[in-house]
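Data first, discussion second: the structure below is written as structure tokens.
As written, the chains take the letters A, B and C, and residue 1 is the first residue of each chain.
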Amino acid sequence: MKVSARNIFKGPISAIKTGIVNAEVAVSIGGNDSLVAVVTMESLNALELKTGKDVVALVKAPWVMLMSEGSDIRLSARNSLTGTVKSVEVGTVNAEVSISLPGGSEVASVVTKEAAAELGLRPGVPVTAVIKASNVILGVPA
Amino acid sequence: MKVSARNIFKGPISAIKTGIVNAEVAVSIGGNDSLVAVVTMESLNALELKTGKDVVALVKAPWVMLMSEGSDIRLSARNSLTGTVKSVEVGTVNAEVSISLPGGSEVASVVTKEAAAELGLRPGVPVTAVIKASNVILGVPA
Amino acid sequence: MKVSARNIFKGPISAIKTGIVNAEVAVSIGGNDSLVAVVTMESLNALELKTGKDVVALVKAPWVMLMSEGSDIRLSARNSLTGTVKSVEVGTVNAEVSISLPGGSEVASVVTKEAAAELGLRPGVPVTAVIKASNVILGVPA
């Protein structure tokens, strides 16, 4: 498998909460970080997802919102991964930002050039990557 | 809080419709416009969302679809904000479009350069920003 | 209607599965391909969606993930459309990729420049477009 998604996290499922239509699946991605995905019950069953099973969690870079100085706000998005900026590549409209997490993994985000400037994103700056659980795609070996 | 999301709407919650897993939250964003967000019941409770409470509604610019001459179609997306193009910044692949809403707020969208050309987007042109309710992140003071 | 979404599929609804809050709607988009959309029951009723009814299915290009050599993985995302790369336009940060499907339609995706290079995307290369059902917007004539 090769995917365009810049974020490919690997790890075991740490928890599953099932509903009628959807399920919430938490994946341990290293360090103390975990990523929650919302998938349909149909996918949960088709992929035979179970606690302890190793999965990949895929997130496209434009689906990652960045936040700094976030101590004064609480968000409805389920995933907040705090780390430091590793690199910023600036284009005409967009910028791609790489973030190092304490556990060793990295998060990639595409934001507007303007946003990167406003948040003062440059290597070493602390930043939080916010990801909606519904924007995480899970995969298992075929 | 500083966020990369180009769309930060502030206003009071005007209505909440609860389900078993998800809730729909309508936020008044000025003028006669409102924005509907779908959040989990868990987030609704954790953020103590109630009618009348002031919240911020965050939407990344690539999550905003633009439409013109839309009078002949009805969409499944819950949010349609009609205004006029304020500015267009064109890159190699993408273009960032700012739209002024009648109520005074602005909406930012990133579309392909090709799309901006096809829709004839330039300052003063009427355009509708379409946003799926599941792509709206709500925030409250910590 | 003119929309910024680069993916506009037209076809009849082939199946509807209803839940309490959401419904899954499958649309035949030509060839043997179909696209599944998740919409709220409210939208299903408001748009009077029924099997056989012609609809448009809209997907923004940044919502399309690309995958190659995908035979070793199964994903939670409901839609996988396999075709061949038709063209790649590369910017500073992003690249826009057009994919021809066997049934004659095309899929557009915006990925990072880096992803396009890693996947070796160039005209003629086989590739799969992965689209989450929750990222498909349905439309009907007004």
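Here, a contact is a pair of C-beta atoms (placed from the backbone, for glycine too) under 8 Å apart; a residue touches a chain by one contact, two chains touch by 3 or more.
All values reported here derive from a predicted model rather than from experimental measurement.
Chain contact topology: the protein chains form a complete graph, every chain touching every other one. Homomeric contact chain A/chain C: same residue numbering on both sides for under half of the interface positions.
Rounded to whole angstrom units, the spacing between the C-alpha centres of chain A and chain C is 22.
For chain C, the set of residues touching two or more other chains reads 20-21, 62, 91-94, 110, 134. Of all residues in chain A, only 1-6, 20-21, 37, 39-40, 43, 46-47, 56, 58, 60-62, 89-96, 108, 110, 134-135, 137-142 touch chain C in the complex they form. By the touch rule above, chain A contacts chain B in their complex via residues 19-22, 62-63, 65-78, 91-94, 109-112, 114-116, 118-119, 130, 132-134.
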